[in-house]
Amino acid sequence: MDRVRLVALLEAVARGETTIEAALDRLRTLPFEDLEFARLDHHRELRNGFGEVVFGAGKSTEELIAIVRRLADASGRVLVTRVDADAAAALTGAVPGATYHPRARLVIRSDHAATPIADDTLLVVAAGTADVGVAEEAALTAEFLGARVERLFDVGVSGLHRLLAEHERLRRAAVLIVVAGMEGALPSVVGGLVAAPVIAVPTSIGYGASFGGLAALLAMLNTCAAGVVVVNIDNGFGAAAAAVRVLQRRR
Amino acid sequence: MDRVRLVALLEAVARGETTIEAALDRLRTLPFEDLEFARLDHHRELRNGFGEVVFGAGKSTEELIAIVRRLADASGRVLVTRVDADAAAALTGAVPGATYHPRARLVIRSDHAATPIADDTLLVVAAGTADVGVAEEAALTAEFLGARVERLFDVGVSGLHRLLAEHERLRRAAVLIVVAGMEGALPSVVGGLVAAPVIAVPTSIGYGASFGGLAALLAMLNTCAAGVVVVNIDNGFGAAAAAVRVLQRRR
Amino acid sequence: MDRVRLVALLEAVARGETTIEAALDRLRTLPFEDLEFARLDHHRELRNGFGEVVFGAGKSTEELIAIVRRLADASGRVLVTRVDADAAAALTGAVPGATYHPRARLVIRSDHAATPIADDTLLVVAAGTADVGVAEEAALTAEFLGARVERLFDVGVSGLHRLLAEHERLRRAAVLIVVAGMEGALPSVVGGLVAAPVIAVPTSIGYGASFGGLAALLAMLNTCAAGVVVVNIDNGFGAAAAAVRVLQRRR
Amino acid sequence: MDRVRLVALLEAVARGETTIEAALDRLRTLPFEDLEFARLDHHRELRNGFGEVVFGAGKSTEELIAIVRRLADASGRVLVTRVDADAAAALTGAVPGATYHPRARLVIRSDHAATPIADDTLLVVAAGTADVGVAEEAALTAEFLGARVERLFDVGVSGLHRLLAEHERLRRAAVLIVVAGMEGALPSVVGGLVAAPVIAVPTSIGYGASFGGLAALLAMLNTCAAGVVVVNIDNGFGAAAAAVRVLQRRR
Amino acid sequence: MDRVRLVALLEAVARGETTIEAALDRLRTLPFEDLEFARLDHHRELRNGFGEVVFGAGKSTEELIAIVRRLADASGRVLVTRVDADAAAALTGAVPGATYHPRARLVIRSDHAATPIADDTLLVVAAGTADVGVAEEAALTAEFLGARVERLFDVGVSGLHRLLAEHERLRRAAVLIVVAGMEGALPSVVGGLVAAPVIAVPTSIGYGASFGGLAALLAMLNTCAAGVVVVNIDNGFGAAAAAVRVLQRRR
Amino acid sequence: MDRVRLVALLEAVARGETTIEAALDRLRTLPFEDLEFARLDHHRELRNGFGEVVFGAGKSTEELIAIVRRLADASGRVLVTRVDADAAAALTGAVPGATYHPRARLVIRSDHAATPIADDTLLVVAAGTADVGVAEEAALTAEFLGARVERLFDVGVSGLHRLLAEHERLRRAAVLIVVAGMEGALPSVVGGLVAAPVIAVPTSIGYGASFGGLAALLAMLNTCAAGVVVVNIDNGFGAAAAAVRVLQRRR
Amino acid sequence: MDRVRLVALLEAVARGETTIEAALDRLRTLPFEDLEFARLDHHRELRNGFGEVVFGAGKSTEELIAIVRRLADASGRVLVTRVDADAAAALTGAVPGATYHPRARLVIRSDHAATPIADDTLLVVAAGTADVGVAEEAALTAEFLGARVERLFDVGVSGLHRLLAEHERLRRAAVLIVVAGMEGALPSVVGGLVAAPVIAVPTSIGYGASFGGLAALLAMLNTCAAGVVVVNIDNGFGAAAAAVRVLQRRR
Amino acid sequence: MDRVRLVALLEAVARGETTIEAALDRLRTLPFEDLEFARLDHHRELRNGFGEVVFGAGKSTEELIAIVRRLADASGRVLVTRVDADAAAALTGAVPGATYHPRARLVIRSDHAATPIADDTLLVVAAGTADVGVAEEAALTAEFLGARVERLFDVGVSGLHRLLAEHERLRRAAVLIVVAGMEGALPSVVGGLVAAPVIAVPTSIGYGASFGGLAALLAMLNTCAAGVVVVNIDNGFGAAAAAVRVLQRRR
């Protein structure tokens, strides 16, 4: 549409029907979305690769089904986060090929594999078994987005030997997501063992003065390991997206 | 004094001048401190051994000097906590034999060594050099109260090897005080390496979202290492008192 | 396994097939878990005695049954904390000999008595009847771990006489766990009456500005009784583990 | 002034120059302050007796001097709260007869004694020596307002015997103000010992997780002693005003 | 019982069978509850009059029934606070004469009227209709404890005229309980209109940044009306108990 | 009623039966509500136009039905906010013509259109689809109160082009309500694009460290766009009321 | 500059040297700032009228002087907020015609009066004398921006009569800024008395549990007066900017 | 040293003086630092490149001078963070070649340029001029560590055009650090415009309800832009270290 208007304007200039000054005025007052931002939007989806991810929380089941169908038709692939069991049953019933990962609370529908985004590996580390749900949200999301993912679970800081025994795997990873609840100390320890980027994810696992993950979040923000970064509590998806941003640099 | 009153009463009973009923009434209405609590008080000081410690914060320099002089006259030994440099200068000027430990903010006056309370060792561990002030407050206080103290400083979790290199010293200690600021992860790691009691002390070292030590405090309360206990932020004295309570059991 | 590798290396040195320098290089690059940490792990379980305790929160019923079965087979004894009624029914149904303590939310399976860890006594004190659940979690856990436990419940600070009437029992205890919600004042009072270690447990009992136990937690951290230590809100298990750490010193 | 307007209106009615309807309209639209509220205001000062108290914080020294001079001229008596040493020097220099109480941070100028408001006694109790500043603010304010005040200081809960030894004085008081910092437990204990009204004042005395008195405040709000009431942190003046409200009932 | 022991001791002294010194020792080591505190306890219940009130939260239905039956048998009167509908049904079924007040969440059983504690009136003021539950908890509790109670509801500060229209009732009350949620401004306004004691009760009514009543609580603690006192959020019972403490002074 | 009393008084003055002085006294002591405040109240409802809005939260279904019936009879129009599905079913069943808007949780009954309050437009902007419930509460409320409303949804700051594409609509609006959860950044951006009043509404949409909308609330309060104002979390009604206050100025 | 490029492009089209398609491509890839946003920026300053205001906090004195000189040269008028006394002395020394308002912490330099933005009045209301600094920041800023401003100070809610006496002035105002610290109740009361927009400003005046103005902020956000809006703590400037946004609608 | 012990052991094995079993035992009990961790430590410094950075806060000037001299002697390069002006004067006086950057509070001493770690660019973006101190801490640190750094300051979200005008620079950066105080919205906007990793740094710039940067921190953690990561408040150094971790992957 805006192309039509621009072409008409330029043709008028070419025909001499519009002076340079008048064309200038028209151009200045064109809604800018007609020029740059349509393209910008297109670029954003191309680059970030997050266009096929739907944030499930706060949407009704009907809305979710409609969005997922549209995305599935368009690209064949869609991932929905934060889906509870009831909505998942409705979604997987309504969208052929969709499967539910209950621990990670993800619904994934994919009729073809993701394009790999890097040759090297994202390592997802989890402190306790109770943190595995968030860790799997991160791992499955990153895989959906094309990352090569390894998992290293149940290596909390009160049993250091289990973590240190996997020292080489930690060192080999190109980027690490470290998931921990309670005192949230694991990212500090991992951050001191490796030079790669470390993305810390606090979880709401804990009780009493964990205050829904606040304790772990504050601990991670105050890490003494230089350069460890943090995402929101339980935000496995966000950590995966950050890891994908890092891995994409390689290409 | 109350002994005098009681003796007089009992003598009157013995002489038949006071009936049983009248004596009963008197006993019931005697201020109870005359009976049990004077003794209780005496016991408390004997046992806890904290009678020679003065909490310096919130007292004027004049009050501090008066208290310290009285205690020094009575027992020859006194320790004052939370003394800033100005008050310390006044105190050490006014009380012969008193010395100031600026990093620990303690004034100590002792004309004879403390009676040792245990043969085995209290190990005071500090994560970073900035935590040393609180760690020294704990160590010097415990020494003043008769504990045998060792120190292990600058062994934070982002450089695990320094801590693990001292594994044997950790294991030999009968009780440990672990001091850490920032993310407060060190007690969790130490608590997983030893079976002895671990007393965690969060410090206000840190910035931004450490919120004056809140981050470290919450982390320590949420430790995944079973049985680690916590005292108030920067409370080196309290940790020493707790360690002394533990060590005293041995006698 | 790592023993095999080490033996082979040393035998090669003994046979002269490997030079000292080459052996040195091999030793330096062996994964460290092959040397120290396997042993460390073993030591940790031996010493802490917490290997038979399972933290129930955040695990699925299926996971719990599997873990409990494995531990029951291995040692005959297992304790699971934070079990709600539904999971408890499943667990006690699946594991012969397991019983549920609903107030303490513990499942215990024990085919032989624990080895006593000390001759003297742990006294568990609770302020109100509503705090009894957490107090029982502490008491039963400590008993499971081999402690001799006494209980003293419903002795809150607004009725001091009930507490003071038990003054002798307080004084006889080798270590005390003091459980209180609301204003959390009981540990301060008890800490002033005894010289033994006092482990304070805030509970989430209360309403309004108790903020889920925060009021009691802050009060206990700010105790004016020197040397009282604190664990997380409602953390009866943690208090028991800390008491066991203290009692173990006696042996 | 408003009297003049009203009289004029009523005289016009009396003279028949104004109809009832017109007078009604005038009355309805008179600014109401002309009628009720001037009296209300007058009543408020008469009854509350707080008209001679100036809240010193947030006012410049010049403003304070002007206000104090005006009040001193009007009634001969004035009390200024929250005055720091510099402002106090200026005030006492500018207002003859004014004296400064540095610990309580009050400036008082009184050329005649207050009218006593009750025969019975307000007892001001303070937990520690560091709480004495706030306790004195309460005591001096209440005395200024006409209350009969007794003081009982340094009776914290970690040394119960000192408090219990004064049991009779506690019981004799008609109303009690209980001042405490740190864990703020004293009002709960006192509230269990007496039937009279207990006004709790948390102080900002403490460190670390006392968070400027928040710990004591929360403890007091969560008291298990029925009917203990609370004022703001360090608010000795407010506690005195509340006690005066209670004592005034007797007259 | 303790009387028996004391009599026996004194008789032995009277008979000369026990020396003064030996009697002194016995007296010093008698459990103090045998002397003072049994009486103290007795006094406490007599004076405070709160012995017939049961705090229902955190107790099982079985416990509640047992306690209520015992109290009902002893004195004929019992009040239980914080009872939900299910427990109330069980309680009123099990205890003849017990009735449930759902809005106030109280169960009351009373076979005779309370002894009046004062001639003058407690006025319970509530800001909005949603605050009525807490206000009724206060009013019914105070009536149960013998107070003469009036109610004034739905007079929030955004419609001042409704409050001011009741100015005389406010002024006549001997003590006022002012209940408000949301911004909690009503006690400040009432406190400026009356000279009697004002007890403010914040409620958890509100949403968003009311944070469960924290907004109202903080507002009330920061009141600019001198001498307004505060109890915990939703603590209608505590406010009634405080009002009873005030009213009792009159007798 | 008060008219009657006033008329009687004035007639007595007119007849000379009451002196001016006596009338003056009577007028001074008349309850002021009889004069000014009844009118004031009337004015308030007339002007604010909020008399037909009922705050549904915290009221029982029975109370709601009674209130709605009364208002519907009086004016034909009523809006109830914060109605859950169950109460809505009861309300719409009991009040003919009432309809439920589930997303906005409003029940509206209107037998005639609102009087328009302004010619120009209120634009309600929402950041994400999950914020639409609050946005619709604002939009429907404003329409009910007579505002001309436009909607612009799903224009969050991480996809700026969608917002900028609607630049002209933003600029045309006379007043804007901007609804956003999560980081709450949208009002800052909008506030920089327009000169009209911007009313920011934080929502509780988000997870983890959003703390129920606190993150968005704080962000909006700290906006760098001069003159953006904020209402409570999820308070769509309050934003609509504020917008109506602004729009009414035009008339 | 961008004009030059655009003119060159259009001239090339006009001369037929560039095809329509090629011009289209060039236009699409031109940095958008060359088209729309330069204008947008211009518009923003024109409309908001805030271009002459400098936020002084966080800038060095040198930076401030440079900025103020530039703005003073450009438009003759400049207002700097949050200037402490030292910076103010430097600024007024360096910029002829600049004056400092210490209470409001503003430096103003204006060589001609502002263009009035509305005929009607902004009323700035302040609860206490300690809130006057923030209130003056609001009032002076609004006057600088062209508003007609009235002031009404010292009308806090604990002395309602002073506020109600000014009822007519409140009602006449076209928009109100209501400044209050402590419990922050004044905006609720004013919001119930007027129909005009009410902008609430919490101040950090208070102590103890006011937590730097948090208490007042929360109270204002939870106001029961429909449609009251809030700005940040102590943000007198922001309130003035919001009021100007409202007043500008009239033009 | 440990080499000596190992060589001796292996030589004894080689000579047949020590059996394989005995050697095995010795190896198992060697302090592990003798084997793996010395190397680990070495690796850590090699890889992370942070060995030449000193955290200045909490260290005395004497300690700082000693550390800086040692590091300067060892490698010629050292960077000290969080240095106030007094310590900086002492440091630059004591260490030849050291210079102070007051805005960033860094002391840098470097006798040779850093080894570049990547060809592409780190872009440091700052919202306001008051955020420049933190932004410069990040930029100078990253340059010191070998990164190629560009700066883009004063592009806050309330003036979007300034940010959008630099769209191409944003898009060209390999990694971005985005520094913002107040509402902390800038990282969300930038995160939506680029696909590269975005590291958000909240600053303590702001006032009132910014609570020392908490508002910006929470906003950034709740960003709606997928994959934005966060470091501690004012932690420019941490952001630089994180960016270096990302950039190093390229090599």
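In order of appearance the chains are A, B, C, D, E, F, G and H, and numbering begins at 1 in each one.
Just so it is clear, a contact is a pair of C-beta atoms (placed from the backbone, for glycine too) under 8 Å apart; a residue touches a chain by one contact, two chains touch by 3 or more.
Nothing here was measured: the structure is a model prediction, and the numbers come from that model.
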Practice problem: Return the chains common to the contact lists of subunit B and subunit G. | Solution: A, D, E, H
Quiz item: So which pair out of D-G, B-C or A-G basically repeats A-F, with more than half the contacts the same?
Solution: D-G
Self-check item: Where subunit C and subunit F are represented by their mean Cα positions, the distance between them in whole Å
Solution: 54
Quiz item: What whole-number Å value describes the gap between the mean CA coordinates of subunit A and subunit B?
Solution: 50
Exercise. Determine the centre-to-centre distance between subunit A and subunit C, using the mean Cα coordinates as centres, and give it in whole Å.
Key: 38
Quiz item: Taking each residue of subunit E in turn, which ones touch at least two of the other chains?
Solution: 32, 37, 40, 44, 128, 159-160, 164, 167, 192-193, 208-210, 214, 217, 221-222, 226, 232-233
Quiz item: Can you list every touching chain pair?
Solution: A-B, A-C, A-F, A-G, A-H, B-C, B-D, B-E, B-H, C-D, C-E, C-H, D-E, D-F, D-G, E-F, E-G, F-G, F-H, G-H
Exercise. Write out the stretch or stretches of subunit B touching subunit A in their complex.
Key: 127-128, 156-160, 164, 182-185, 188-189, 191-193, 206, 208-211, 214-216, 218-226
Quiz item: Which part of subunit G faces subunit D closely enough to touch in the complex?
Solution: 128-130, 159-162, 164-165, 167-168, 205, 207-210
Self-check item: Residue numbers on subunit B that touch subunit D, as the complex places them
Solution: 31-33, 37-38, 40-41, 44, 55, 57-59, 63, 82, 202, 204, 212-214, 217, 232-235
Exercise. Show which residues of subunit G lie in contact with subunit A when the two form their complex.
Key: 3, 6-7, 10-11, 13-14, 16, 20, 23-24, 27-28, 30, 32, 35-37, 39
Quiz item: What residues of subunit E sit close enough to touch subunit D in their complex?
Solution: 40, 44, 47-50, 53, 167, 174-175, 192-199, 217, 221-222, 226-233, 237-238, 240-246, 248-250
